[in-house]
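Next, two complexes with chain A in common: one pairs it with chain B, the other with chain C.
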Partner chain A sequence: MALLPIIYNALIVGIFIGSIYGLIAVGLSLVYGVMRVVNITHGEFVMLGAFLTFFAWNLFGINPLISIAIALVVLFFLGLIIHRSLVERVIGKPMLSSLMLTFGVSIFVWNTAQAVFTTNIRAVSYLGGSVSFVGVNIAKSYILGFGIAVLLVVALFAFLKFSRWGKAIRATSQNDEVAIVCGIDTKKVRTLAFALGAAFAGSAGAVVSMTWFIFPQMGFNYLAKAFAIIVLGGLGSIPGALIGSLIYGAAESLAGQLLEARMSQVIPFVILATILVVKPSGLFGARER
Partner chain B sequence: MNGLINKVGVILLIAFSGMMAIAPLILDRADANVAYLILYFVALASSWNILSGFTGYINFGHAAFMGVGMYATAISIADFSLWWPLAWILGGVFAAAFAFILGVPVLRTRGPYFAITMLAVAEGTRVLFGTSYLEPITRAGDGIAFSSGISFQTKYYGMLITVALCVWVTYKIATSQFGLRLLAIREDEDAAESMGINSPRLKIAAFVISAFFAGLAGGIHSTFLHYVDPFHTFHIQFTIIPIVMAVFGGVGTIFGPVIGGTILQILNDFIWAHFLQLNMAVFGVLLAFLILFLPQGFLEWMKEGGWLAKTRRI
Partner chain C sequence: MIIKKRNQMNRREFFKKTAAGAAGISVVSMAPRLAWGKEKEPIKIGASLSLTGKYARTGEEQRRGYDLWAMHINNVGYSLGKGNLPHKEPGLIDGRPVELILLDDRSDPTTGVRLFNELIYNRKVDFLLGPYSSSVSSAVAPVIEESKIPTPIPMASSPKIWKGKRRQWMPQIQPPASLRLPGIVKMCKEKGDKTIAIIYSDAAFPRAAAEGVKERAEKYGLDIVLYEAYPKTLTDWIPIVSKAKDRKADVLAGGGYLPDSIGIVKAAKSINYIPHAISIVVGVALPDFKDSLGDDVLNVTGDADWEPGVEYPGAKEFTEAYQKRNGRLPEYHAAGGYGGAQVLEEAVKRVGNIKDKKAIRDMMYQLDTVTIFNKYKVMPLDSPDSGLQTAALRLLLQWQKVGEELKKVVIYPPEAATGKFIYPFKGW
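Let's look at the complex of A and B:
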């Protein structure tokens, strides 16, 4: 088999996969930008969104497309509660505190999920089959994921650009002290950003449940991918996260084609290590302040 | 008053060491196993503390070093029928070498970058050990079953010596210039570098020492289990539990991980017996609770409350 068509195929598929990862990564990046917290629970939010969709479909016959919206809302409020009750307490403390705290919460969530949902591997077989797109067979669920990702990310951009709260988020992200001086309630902004991050992870989880297998411990894989992506694009930068996710998706899909399939799990680390050695602030990131 | 409390502390420490030293002779096998596992987790917590406690670089991939040590020992006994003390030490040496190679790129990163990179390293190592690329060496998912022919008591005392060595090394570091420099890195790395501290070299040294003890403990433990495979060897619990233990006792203290390890392993044993499925969840909650309410750990809390003599914070 010729190599070139394989690479072409992998790159096209990679863009679709990357867009789903991008949906996860923007949330992580938003939270980091606003409060300098790397939320290790982010992967668990993806997992919860996925299981919510699965059970809504399996037990109540709710269409997974509707579940995307349900997951968005439910995870928004879950994020709100987790931020208000836990994460807000470690804002301004050393990085160690927020890392360990969200790590603890993450372990609690996946282990509880494992006990409640069992470790069975599940999937929502809603959108099967594939269609031909620029000469490549693409699973329908990938196209749906791409559409949802574009829709939500455009909505997020519009929100950040034009709404009052969006401006407050951007201001806090740029300089929280000056934001306070300007009369912005940064505590509320942080809560909103965290809840939005969780909501994006949740809706991404709903898409993931239609695309790949889901299981309680899946969260870590997505956290590692999202983290590699935002490091690639520069921590805290949302456009960077989007470009990073496309590059990442292409790299992962290529590696999956050319190497053993399981090796794709090692890709986040390889990308992370390379970027951090070559350009520690990410491809598009400014230097840490 | 402080003098008296200190004396009580020393007496308690000696009593504890004495108890651990005679435990396998007086306890039945089941209880001796508990004592052995206490030592094992104390070794992991204490070795984690050497890097993360002193430099503030939070290592979320400690299981990788323990796992590499386990594999090194298992392979050298199963395939090369090496003499067991040598195989144990090889476990430590391989883990240290792995840390050295890894440390050069990874320790360039800081804060969350380092933490999550290490999380990915542990996961990546697990996957790598299970792939067909390394199958001739690691036997992939099948794992390696082997018999070392060592008595339980030998393993127990091997682990005890490892713990003692690890604590002694921690003490030596804490009271040396090397330790002071590591603490300077923890407080402000840029400032430390501008004072002429060669931080990359020191961080790598601490990383290698930390990995050596994790690998040594892992090597001994692999002869205890007689079996290694990627799933169990690199399980994330061997990262989480030692971290919670070190945080519980006090990060960056000498005896904190020992106290945390002892108390929490007894708790862990209880959790295993009663809610096995939620084993990790309990530690997750405990970690979150400690970070929110006892961030300095149990030892510092005792000192604040006047139960222990106030000492210089390291």
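Let's look at the complex of A and C:
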């Protein structure tokens, strides 16, 4: 087979996969941008969204598409509770405190998940087939993931750009001290941002349950990718997370197709290292205050 | 002058009498134990298992096998199908119960090494049982050899752990991985297939399995259009399965563990790749495979070391006992765990004591027996491949519609087959 069609195929598939990663990375970036917390629990939010979709489908026959919305809402409130009860306590403390806290919560969540859901590996057998899209055979679930990612990210941009709360989030992200002076309740803003991050991860989990497979420890795989993506795009930058995820997905797919499958997990990090050498703050990252 | 009062004890007398009293009380309190032989010191048997992490699902099955074996030893005195052995009193030997110490290696070979050292040197176990997976077993092998503790290794099929290594303390229980996916190449060649793609997880056992399939493909004259490893941590198989599709492979074979099996079928369906046969190791035999993929499993083939219907002595009773305890049918990892522990049991009971570890080891290497799991015989101690399994058999399964139900049907070897190979694969 000629090289060019392979590259084209891999690139298109990679962009679709990258959009699903983007859904996860945007939430992580939002949380970091607003409160300078690297949320290790973020991967567990993906896992919970995936299991929620699986059980809603398996036990109650709820269509996984509806579960995306359910996961969004449920994880939003779970994020809200976790932030209010735990994460808010370490805001302003050294980064290690929040890192240890979210790491602890993460261990608690996946151990509990393992006890409750068992170690069984599951998947939602929905939208399994493929369709021809721009000349490439693409899994239906990838197209769904892409659609959901576009929809939610556009909604998030609109929210951040035009709504009062969105502006408050941006203001807090830019300078929380000035935001306080301007009368913004930064505590509420942080809670909202954390809950939104969890909601995005939950909805990504719902998509993942249809695309790949799910098990209690799955969160770390996605956290690692999302973390690399937000470093690549620039910590705290939402457009950066989005572009970073597309680059990551495309690099992973191209490396897997053109080189060896083993290289699919190496090449994205080579790109990451190269970009960090040239621009240490990432593609869209601002210099740390 | 100190005048000693009558009936007054001096310090020496006090200590003498107190000590005598204490000794008396302790003898009296021990009497029931001595008299009835209860609460004898347990025989400690340790293992690390993958109870979390990537292999948690199958590691947990193996743990259940170990647990059930220990329960039978402690309650009955012998395991299922082993009633013909000497020393039938409850406990492994001399009425001493088994105490299992099972630690979680998180599916990580490095953690496995640490935990085996912990079991041997800190917990001072009497015997060891093998961990789950070839990767962890391979990592802990030098620790076991150094400890000189006889250790059956139930769930490591990579022959590389044994070949040319002269392992003296760790016989293999599972059929070697080179025998994985038996018959698939031969049957596909007979049906007229010309090309095969072999993709495998970059870990010890899948690599050995892939090498075995490759050797047979070369032997039968199938053109290998793709032979490629993928990383263990892969979550998306579409790129590598796309390669097999692009190269128009008639047969897609390989895999790794359970997640790989699900991922490969999902990927093939996602890109509408319909080879004539799909054959994947490990996962196809497990119920999770069907639970995750539903009807998409139809006509996918894979292998198993064991199925609940096999005829080995005690296997049916094992299936019943497991089902009663866990509420579902056992999988081959549980049977492997139980069967592996049975080899230790047989060696200990035949030797007659637990002190002489060397004699127990020698016995393990000489045994020619059958457990509930499979046949057992290993390469002798003086062979370069000592400990490598030579007698165990493996089955090739295919998911087929039996009436309205999806069931696993044994299609190879012919003497064990319960159905015919449905060919070609019809797609989704």
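Everything that follows uses one rule, which is that the second predicted complex is superposed on the first by the 265 of 289 C-alpha atoms of A that agree within 3 Å, B and C clash if a C-alpha of one lies under 4 Å from a C-alpha of the other, contacts with A are read in each partner's own complex, and residues count from 1 in each chain.
Everything below uses one rule, namely that a residue touches a chain if its C-beta (ideal position, glycine included) is under 8 Å from a C-beta of that chain, and two chains touch if they have at least 3 such contacts.
Being a predicted model, the structure only gives us computed values, none of them experimental.
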{"item": "Which of chain B and chain C A:I6 touches, first, second, both or neither", "value": "second"}
{"item": "First (chain B), second (chain C), both or neither touched by A:L99", "value": "first"}
{"item": "Chain B versus chain C as contact partner of A:Q257, first or second or both or neither", "value": "second"}
{"item": "Which of chain B and chain C A:F215 touches, first, second, both or neither", "value": "second"}
{"item": "First, second, both or neither for A:S125, with chain B first and chain C second", "value": "second"}
{"item": "Touched partner set for A:Q114, first chain B, second chain C, both or neither", "value": "both"}
{"item": "Partner chain in contact with A:V90 - chain B first, chain C second, else both or neither", "value": "first"}
{"item": "Chain B versus chain C as contact partner of A:A139, first or second or both or neither", "value": "second"}
{"item": "Chain B and chain C contact sites that coincide on chain A, given as residue numbers", "value": "111, 114, 260, 262, 265"}
{"item": "Chain B contact footprint on chain A (complex, rising order)", "value": "32, 38, 40, 86, 89-90, 93-97, 99-101, 103-112, 114-115, 220, 223-224, 227-228, 231, 235, 260, 262-263, 265-266, 268-270, 272-273, 276-277, 280"}
{"item": "Chain C-facing residues of chain A, complex", "value": "1, 6, 9-10, 13, 17, 111, 114, 118-123, 125, 128-130, 137-142, 211-213, 215-217, 221, 252-253, 256-257, 260-262, 264-265"}
{"item": "Chain B to chain A touching residues, read off their complex", "value": "56, 58, 60, 105-106, 108-109, 111-113, 115-117, 119-121, 123-124, 127-128, 130-133, 236, 240, 243-244, 247, 277-281, 283-289, 291-292, 295"}
{"item": "Chain C - residues contacting chain A, complex", "value": "51-54, 56-57, 59-60, 199, 202, 228-231, 233-236, 238-240, 242-243, 246-247, 258-259, 262-263, 266, 269-272, 288, 291-296, 428"}
